[in-house]
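Please see the structure below; I have some questions.
First chain written, first letter: the chains are A, B, C and D, and each begins at residue 1.
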Amino acid sequence: MSTMTLEQAVQLALREEMGRDASVLYMGEGVATKHADMVADFGADRVRNTPLAEAIIAGTAVGAAASGLRPVIDLLFAPFMTYAMDALVNSAGKLRYLSGGQFSFPLVALGMTGAGWGVGGQHNHNLEAMFVHAPGLKVVMPATPADARGLLKAAIRDANPVLFFLDIGLLHQPGPVPDAVDQVLPLGEAAVPRSGRDVTLVSYGKTVAVCLEAAAGLQADGIDAEVVDLRTLKPLDEAAVLRSLAKTGRLVVVQEASGLCGVAAEIAALAAGRGFPFLQAPVARLTGPDAPAPGNWALEQAMVPSAQRVMEQVRALVGTPALAA
Amino acid sequence: MAETSPELARLEGMLLIRAYEEQLVALHRDGAPGTCTSVGQEACAVGVVQALDGRDRILTNHRSGGHLLARGADPGRLIAEVLGRVDGYCGGRSGSLHISAAELGVVLTSTIVGGELSMAPGVALAQKMGRGEPGGIVAVFFGDGAACEGVFHEALNLAVHWRLPLLFVCENNQWQAYVHRLETMSDRAISAWAEGHGLPVRVVDGNDVEAVHGAAADLVAGIRAQGGPAFLELSTYRQRGHFEPDDQAYVDPAECQAWLARDPIRRQAERLRAAGRLDAAGLAALEARVAARIAAALAFAQASPMPGPDTLDRHVYA
Amino acid sequence: MSTMTLEQAVQLALREEMGRDASVLYMGEGVATKHADMVADFGADRVRNTPLAEAIIAGTAVGAAASGLRPVIDLLFAPFMTYAMDALVNSAGKLRYLSGGQFSFPLVALGMTGAGWGVGGQHNHNLEAMFVHAPGLKVVMPATPADARGLLKAAIRDANPVLFFLDIGLLHQPGPVPDAVDQVLPLGEAAVPRSGRDVTLVSYGKTVAVCLEAAAGLQADGIDAEVVDLRTLKPLDEAAVLRSLAKTGRLVVVQEASGLCGVAAEIAALAAGRGFPFLQAPVARLTGPDAPAPGNWALEQAMVPSAQRVMEQVRALVGTPALAA
Amino acid sequence: MAETSPELARLEGMLLIRAYEEQLVALHRDGAPGTCTSVGQEACAVGVVQALDGRDRILTNHRSGGHLLARGADPGRLIAEVLGRVDGYCGGRSGSLHISAAELGVVLTSTIVGGELSMAPGVALAQKMGRGEPGGIVAVFFGDGAACEGVFHEALNLAVHWRLPLLFVCENNQWQAYVHRLETMSDRAISAWAEGHGLPVRVVDGNDVEAVHGAAADLVAGIRAQGGPAFLELSTYRQRGHFEPDDQAYVDPAECQAWLARDPIRRQAERLRAAGRLDAAGLAALEARVAARIAAALAFAQASPMPGPDTLDRHVYA
């Protein structure tokens, strides 16, 4: 076990995969500047600074991925992905299908998002749900350094385009990472960092820690909360959510992204559908507001659901008489 | 007519494209899906594609029939694709607008205007990094309209700066769907924009297949020798309108007439006739051969089954 | 009452609003060619063909909207909006907020989407949910010519950026449109084109007709279905959905868009939350598959939930024993 | 020193920007949010903005402090905004990266690189269509990096083709965050790209405020007279790195030194001294006046309250 930050874990995974597979390529605005050591180890051909032009960075990754390379592109902040949207959604997401399976697009697009830097909504916009909605793409958003490493390795090896979101608020937080080199975590498997009987808290990214904190606080009330960390947003580990719900009968979904048509809506809809027989109370969603992130640090922090709010929500739910009981 | 020559082959190649697209037009009149034909632009496809070789890759767009046929695509599989049949190059999933054929090196066709420009540098980068066949280059076909999209600028800058083996081929057919290009740009815009990027630029009569071929061959040789990209603007005309059916009510008849008079097929036929290398019987023989191929292709395509709805979500993920 | 197609209704609304307000401007690739009559009536300044460049069409609309004009831009097909995503999401959606309310962006972006032309997923992609998820934007998708007219008029008069989706499958279908000139339908109000007691079918766009057909078919089984047409996807008329659910206790949400993080997920999540006390059965979603639209006509049609499937779903639901009963 | 003159006013304008940004740097060291300073680029802001008048509109980006101050922004309200206070121009919602001040005609500031270029034609179109003040034009400030984005190409083409009253001002400061511009484009790229669009293009020493002002005034006069757009490329340098803090470890010290020796403020001061129009006491007086303004501004900003979390979703919708 080593201790490292999520950012370091991402770099470690990249280095490991670049060492393992010569077709992996790392490109973006400043990646070669920021990682001169990687240029030294893997060559300037494989670690490339690009022009300041997200559309062509992504488009080039799509073309290269279909032609035998495995590009990892750093698009910096998630809102900048809007410039890359055509390449990601219309090309990477659709051209396998429209060509009848002639091409595949093994590429990873990295983007930072979430509260933690305080520079406003043109840098912090949790828009991962847009890509979950788009066909042909996979979407990952890890909550710990170990998961970031294992999932990024899986994403790089995956034959499909993967959007990989890094939560700004987690980037510099240290955590334990196993030393084994080939710690690959399959995409599509949720984790259960805390098990419990009374209520299920489903989340991803930095709000997993919020849920864990809330769960710890609820213990004092005699409420035993289970926490599910989705880790991969597409494919979604629906079975894991349903399994937990079957046990607890109560569900709170927590995300930093705004609510409408977000991942929490998808989870709540899953619960209302296949999870309905288990539901003993309304499904609660705690999400960021339908608002851009403000530049003001304190306001930005206030957008993130807090452990306090999660606890209040859970207490309200547990108070709800079980309809089926 | 026993003679075969590159010039004759180019004539036959253009005849094949014309016959294929006229067949699509006829099918459309009988209820088949519409298409973007390249009638009038055959010299661009044939002239450029014949300047490439098997190692090379091609990206194209919604108006791809000519490029695919010039590259040797089977017209039967093309018609099958337009009709949405399982024997189409894309199993009937594409329809007419995004037909690619990896086996021919025609890759990643996109009907998003500019999509081909967005992906081409990546294909060229892979070639440069040794993932394609040694020495292979990439040619990307796009229209004058695509040159208005920002990705045109981004692709040129990246290709120049990374010295990618990429031939940009702009088929300037004067129209961008229902808008004349002079409503969106100045007359000399496209080559002037390219020149600003500092790569070799040639502007050629796109209705003269020999001129196109000569310029393309020069530029391709330059790319293979020097590594970096080059730019070819072909002045041509879209004779049949944007997408079948198109009454072209919005087109200036005088402009259209002037370009019809410069039809690339007639021109090549006359050139060969003037040189004593083709007579009426020879031309008729070529036309008959082409017609027979298209007839057989049509029969093949129409016999091909439709994919079942159970295949609806196949090939979404690898 | 006149009879006209949805496409004609859109043109009528545009003409009416352009006649009413000289700051309304209509721009796009070919709008002046296709509507020479409008150029004649309103001048070449106000009805403009643009270069083939969606990013600058949308960006120009954003800049103009903040500066005293009311642009309506035709982006043709919804997937082309990916090129305009930065302008719509990062500029129009966020700069009012980030500027502390200094600017507003009264603009409308039109896009066609949905099965009905058979040219594949780069023309037909129901991505309206992406914009529902983005803050600062409103989203409309009418199901009838009369609604298209009334809602477009409201959208043009609205002070916010509105994404206005036209269902390709409805464009040429005729319907009655009231003759009154000022038939403005407020954004954010759902319609109930059929009322019933047993089950609520919520939908929008062309699948509203699918639901109505299913409802007619269910009558024979003695099942009385209510149909709710959302019309505006943001702001969502949550009250209308809850009202209907309170009456019927059963909900089927039907949309052509793919399911994950779509509007149907949002409606199902609403039902699982505030609607939970009313629910007598699981909430069912019938959506398009997580796949791009194929070019093949028959396959494209097969992506759209059919009345048959809706009926089967409803029968299954009504068969579900009411948990609360 | 009773003399006032435009040249002296420009010197004072640059001193104010420098003092303001040095204050932000000091605040940052004490824990305030970081910023993109324009230290070294003051001549661009002052030279161009003083060539505009009150009817005109300005769009800028993440590196906006100079443009705002040159336009007359209150440094107190600017610092308040950087600190996220209610008295900031944007009520504390923007922070440093997207400060606009509609009352000054500084509109729609975007920190998306290229965002300003995307919106500027629309602002200019509104001016042209009579929605602004009569005769007003628009100036859009952007960096060499923004010139790599596709929207640069789209904005130029639209502005040229629609003859929009728009001055493109590229502050070519050699860097694009952590990438040197010569890693992304050729040396003459930006003006060459602009020239491809066929509008008037001037390339000027961006560290010489008089040269900047002269060129900007000429181009602005041309826009007002002829209606169409113009392009001004200013060669300058970002002395302090991209965003505070930035150790600039990646910067070639020789390049940086060479540019520091061409500091625009020192240059203007020396020019005035050489002309006998400024002495040491005069300069000291200017500096003192500027320092006093910034001190007062800081006090104002720090006294301003933070917005409450209850305001979190205010101003999302109109």
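Going forward, contacts are C-beta pairs under 8 Å (C-beta built on N, C-alpha and C of every residue); 3 or more make two chains touch, one makes a residue touch a chain.
Every value quoted in this text rests on a predicted model; they were computed, and no experiment measured them.
*Asks:* Going by the touch criterion stated earlier, list every chain that contacts chain A and also contacts chain B.
*Replies:* Looking at chain B and chain A together, the chains touching each of them are C, D.
*Asks:* Quick one: which chain's Cα centre is the longest way from chain C's?
*Replies:* Following the centroid criterion, the farthest chain would be D.
*Asks:* Contact counts by the stated rule: is the higher one at C-D or B-C?
*Replies:* Between the chain pairs C-D and B-C, C-D carries more contacts.
*Asks:* Averaged over CA atoms, how far is the centre of chain C from the centre of chain D? Could you give it in whole Å?
*Replies:* The mean C-alpha positions of chain C and chain D differ by 41 Å.
*Asks:* So how far apart, in whole Å, are chain B and chain D when each is placed at the average of its C-alpha atoms?
*Replies:* Taking the mean C-alpha position of each chain, the two centres sit 46 Å apart.
*Asks:* Averaging only over C-alpha atoms, locate the centres of chain B and chain C and give their separation in whole Å.
*Replies:* Computed from C-alpha means, the inter-chain centre distance equals 37 Å.
*Asks:* Between chain A and chain C, what is the separation of their C-alpha centroids in Å?
*Replies:* 29
*Asks:* Could you check chain C for residues that touch two or more other chains and list them?
*Replies:* Touching at least two other chains: 50-51, 53, 55-56, 79, 82-83, 86, 90, 97-98, 120, 122, 135-136, 289-292, 294-295.
*Asks:* Pull out every residue in chain D that's touching 2 or more other chains.
*Replies:* In chain D, residues 90, 92-94, 98, 110, 112, 114-115, 148-151, 154, 157, 161, 184-185, 316 touch at least two other chains, as defined above.
*Asks:* Once you draw an edge for every pair of touching chains, what topology comes out, line, ring, star, complete or other?
*Replies:* Basically all the chains touch each other, so complete.
*Asks:* In their shared complex, at which residues does chain C touch chain A?
*Replies:* Those residues of chain C that touch chain A are 79, 82-83, 85-86, 89-90, 93-94, 97-98, 120-122, 125, 127, 129-130, 132-136, 234, 236, 257-258, 260-266, 268-269, 271-274, 276-277, 279, 281-285, 289-292, 294-295, 323-324.
*Asks:* Which chain A residues qualify as touching chain D in the complex?
*Replies:* It comes out as residues 29-30, 33-34, 49-56, 79-80, 82-83, 118-120, 122-123, 289-292, 294-299, 302-303.
*Asks:* For chain C, which residues count as touching chain D in their complex?
*Replies:* Listed in rising order, the residues of chain C that touch chain D are 23, 25, 45, 50-51, 53, 55-56, 58-69, 71, 86-87, 90-91, 95-106, 135-136, 138, 159-160.
*Asks:* Under the stated contact criterion, what part of chain D meets chain A in this complex?
*Replies:* 33, 84, 90, 92-98, 110-115, 145-146, 148-150, 176-179, 183-185, 250, 306-307, 309, 311-313, 316
*Asks:* Which stretch or stretches of chain B touch chain D in the complex?
*Replies:* 148-154, 157, 160-161, 184-186, 188-189, 192-198
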